[in-house]
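The structure under discussion appears below in the form of structure tokens.
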Amino acid sequence: MKKILSFILLSAIFVSCGNRCEFTNAQFETPGCLRGMPINATFLDEVSWDIPHQNWGVEEWDKDFRAMRDMGINTVVLIRAGLGRWIAAPFESILATEDVYYPPVDLVEMFLCLADKYDMAFYFGMYDSGKYWHIGDYMKEIDLNIKLIDEVWAKYGHHKSFQGWYLSQEVSRRTKNMTKIYAEVGRHAKAVSGNLPTMVSPYIHGVKTDQVMWGDKATTVSEHEYEWNEILSNLEGVVDILAFQDGQVDYHELYDYLVVNKKLADKYGMKCWTNFESFDRDMPIRFLPIKWEKLLLKMDMARRAGMDGAITFEFSHFMSPNSEYSQAGHLYDRYCEHFGIKNKWKNR
Amino acid sequence: MKKILSFILLSAIFVSCGNRCEFTNAQFETPGCLRGMPINATFLDEVSWDIPHQNWGVEEWDKDFRAMRDMGINTVVLIRAGLGRWIAAPFESILATEDVYYPPVDLVEMFLCLADKYDMAFYFGMYDSGKYWHIGDYMKEIDLNIKLIDEVWAKYGHHKSFQGWYLSQEVSRRTKNMTKIYAEVGRHAKAVSGNLPTMVSPYIHGVKTDQVMWGDKATTVSEHEYEWNEILSNLEGVVDILAFQDGQVDYHELYDYLVVNKKLADKYGMKCWTNFESFDRDMPIRFLPIKWEKLLLKMDMARRAGMDGAITFEFSHFMSPNSEYSQAGHLYDRYCEHFGIKNKWKNR
Amino acid sequence: MKKILSFILLSAIFVSCGNRCEFTNAQFETPGCLRGMPINATFLDEVSWDIPHQNWGVEEWDKDFRAMRDMGINTVVLIRAGLGRWIAAPFESILATEDVYYPPVDLVEMFLCLADKYDMAFYFGMYDSGKYWHIGDYMKEIDLNIKLIDEVWAKYGHHKSFQGWYLSQEVSRRTKNMTKIYAEVGRHAKAVSGNLPTMVSPYIHGVKTDQVMWGDKATTVSEHEYEWNEILSNLEGVVDILAFQDGQVDYHELYDYLVVNKKLADKYGMKCWTNFESFDRDMPIRFLPIKWEKLLLKMDMARRAGMDGAITFEFSHFMSPNSEYSQAGHLYDRYCEHFGIKNKWKNR
């Protein structure tokens, strides 16, 4: 018994005292080190398109919401209520007409409970059929989502954390009638909910999009401005937060796009957020957490461009101390150091 | 000394009492949640084709066999004795004629010792030349395996866990003479071993096969039935367990295939197992553990189709609490919860 | 309090005594198991081309240098001072003329401090513009690096661990004027530093190069010998260590190449090292740690071919007990067992 106790104590001594590192990161920081803007929101990518699943239950999610809050995140955005046959909760309006799989968990209720607990705002992401709007049947996409909004607001609207809507379909250009979908769905969501804010997160038609990598031509900054000026002019009063994804252009091109995006958002009375991609698009493994240096570079540009807020795609895989990709935990460490946030997750 | 002790105790208190999660997964389970059939077997993918290696020694394997047993697995199947130049043990019959690399570990002996220890059945997977049968030289593939069976039975047959054979070559259609290989090799394996059971695990020529993704046409359910009726008619009495892989068709197509497979197996006096793929084929990272929701969907279909058993490809990378892909451990957690299995691996 | 103490003690008893594995790896080692040559050096791949980043700070790096040393590594080689727009430290000579991103950390100073601490030799890798030499403007590549060498030697040359230079541009054949870059840059580096040794690490134009996988023809062993005889004849006295990468040819082809490389190095008065790739090129995930059996096979060939030393690409992702790819830790375990090295990192 004594021997075991000694063993434990000696282990503790070894861990806390042995093999100390006498250096600190501050010693090696460069004099002109960039200065980022902080992240206030994250997507919740549970109905995923291309990111493998972590298989978390509520305990793991509870822990992760705590890690988010500790880092300064106060808003979580459900990436979508469903994609094709997969849905995030047993929505009766969708089960009634669509050929979807019955889900095992009510993720919407779970995320709302956790957001309530941690005093966060929850934004509900719409259902993306993955087909109707692709083949031009945009009315079907609108109808489904209007019924879904009614159902969801009735069932979950009582949660104090239910504070916004996310129009989840992702486009980079004037995709056939997408503006109409955003407008109709956004208008209805605001109408039923006492004007809760709505968010969109389009992408830039840049060199790192699949389309351009497969041969399409990237748009220039001014083409981007021209096209999005037109799109946004139709969304005034319907979209409150414009949060372009920041990963489809090259790093040295990003700042100019951020400036344009901010200008456009201001023009149409929207908040301009940036969507920091926290995964690395430049590696053969698609995708693992981004290098801190790259994230910092983008955070510095966003700060200089005067963005009104920042969401990341996404915390739980790519920035979390709880992520199954443990590189993410070290990204969290670097982030906390940069902003002088006390890191409660250092010893994990 | 006292200070350190306090530190340890306080840490323990913090870990066990602080930051509690007041929610349970049961609270968020949907009312109509699907109900799966359990898994009774796994492949051991040590001579791998496309899954990176975990570099485990016997200690790590011992631990993993224990985790398998704790989850209800009672059968382990060596995926193959060798593939091309790589072999699982220093088989003299293969070293004598084939240009293979001399292996560092006798994996067959190791797996048999562990299966003995944990009261499991071990199935020995054949050598896959990776060439002879591809170029039509099927007699060479048969000869090599017949000699290998003799050697292996003489050397390892005394283990109580040596309880079956796995015909490891994988096909989806009437590949040239594969039926003859199965028949000859299976017959010989049964003959030398007092009629121990034999297993095959073919795949369905579906939308997620490499062949179809590269332009070939997927077979329909009735084409599949027609072709496999002919193949299996030549394997009556030689193959005891038919375990089709379940991942090359889309989820909504799977049930119909399972029903056909069961019908065919019954017709030819075979047990019909399903081979649950526990990795995710739909992601750009090829491959990480599957989402629990997807596995459950397949397990529900297998239950409804009346399968006689279920093997998974495979436990140690994709479902194990010891896997280097830690998502796998959470899949294990979800699995245990679903079946009400006491999870001894929760705190890992 | 007492209850918690009991809990801790019981946990300790359980961990140290329960579920013991009565087997050892030695029991299952094959009688003719191959015998490798040890690794004495590693690259530091912080300005990476294709390996995702681990986001380590100095604490994590300190720990990793210790793990290297414990395994027998005495030399670390910075893979490159920069690649395109990304640089490893705020080099004034590069910032002055190149459109690069300002870095957050002085990695050169950090690695030198750690190499000093752990009594290792540090080799400085050159800046790779990623463009000038590709488009034939080799003088620009040379000029940049000559200025960089002067700056770096003045700023960091006082470190006792600064013991060599690495010519970082990677080629497999007579790429336009690369010999001139190696020669000019290498000569200058040696001149300013009192003749410190220089290293190159080319690759073989084999079946696993991107070029050949995209349709180019692999060179034969004799073509390789012919071409590199000519290249090396121009580098006599400028390059001290020739360390070909060992992963672009098939395993069964490697030995013949090693023999030729050794012969060529001897002819031109160079040390012949091998560069053990410790990642697996044969898997769909590009890249995770290599299987121990494969590494051992290459280490055995290198020993038999009489190599003078061995560097690996690279320890921290693919062989380290601290790697975020935990398979790497098990590779470390296997390596230590093979060489009878006391493994201080077994319990991690």
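Going in written order, the chains are labelled A, B and C, and every chain counts its residues from 1.
Simple rule for what comes next: a contact is a pair of C-beta atoms (placed from the backbone, for glycine too) under 8 Å apart; a residue touches a chain by one contact, two chains touch by 3 or more.
Owing to the predicted nature of the structure, the values given are computational and were not obtained by experimental measurement.
S.K.: Could the interface between the copies subunit A and subunit B be described as same, meaning over half of its residue numbers are common to both, or is it different?
M.R.: different
S.K.: Working from the CA atoms, figure out how many degrees subunit B turns to land on subunit C, in steps of 5.
M.R.: To map subunit B onto subunit C, rotate by about 120 degrees.
S.K.: Just how far, in Å, is the C-alpha centre of subunit B from the one of subunit A?
M.R.: A distance of 36 Å separates the two centres.
S.K.: Specify, in ascending order, the residues of subunit C that touch 2 or more different other chains.
M.R.: 8, 285
S.K.: Mind listing the subunit B positions that touch subunit A in their complex?
M.R.: Per the stated touch rule, the residues are 1, 4-5, 7-8, 19, 21, 23-25, 27-34, 251-252, 280, 283-285, 288-293, 296-297, 325-327, 330-331, 333-334, 337.
S.K.: Enumerate the contact residues on subunit A facing subunit B in the complex.
M.R.: 8-9, 12-13, 16, 48, 50-60, 62-63, 66, 85-86, 89-90, 99, 101-107, 109-110, 113-114, 285-287, 324
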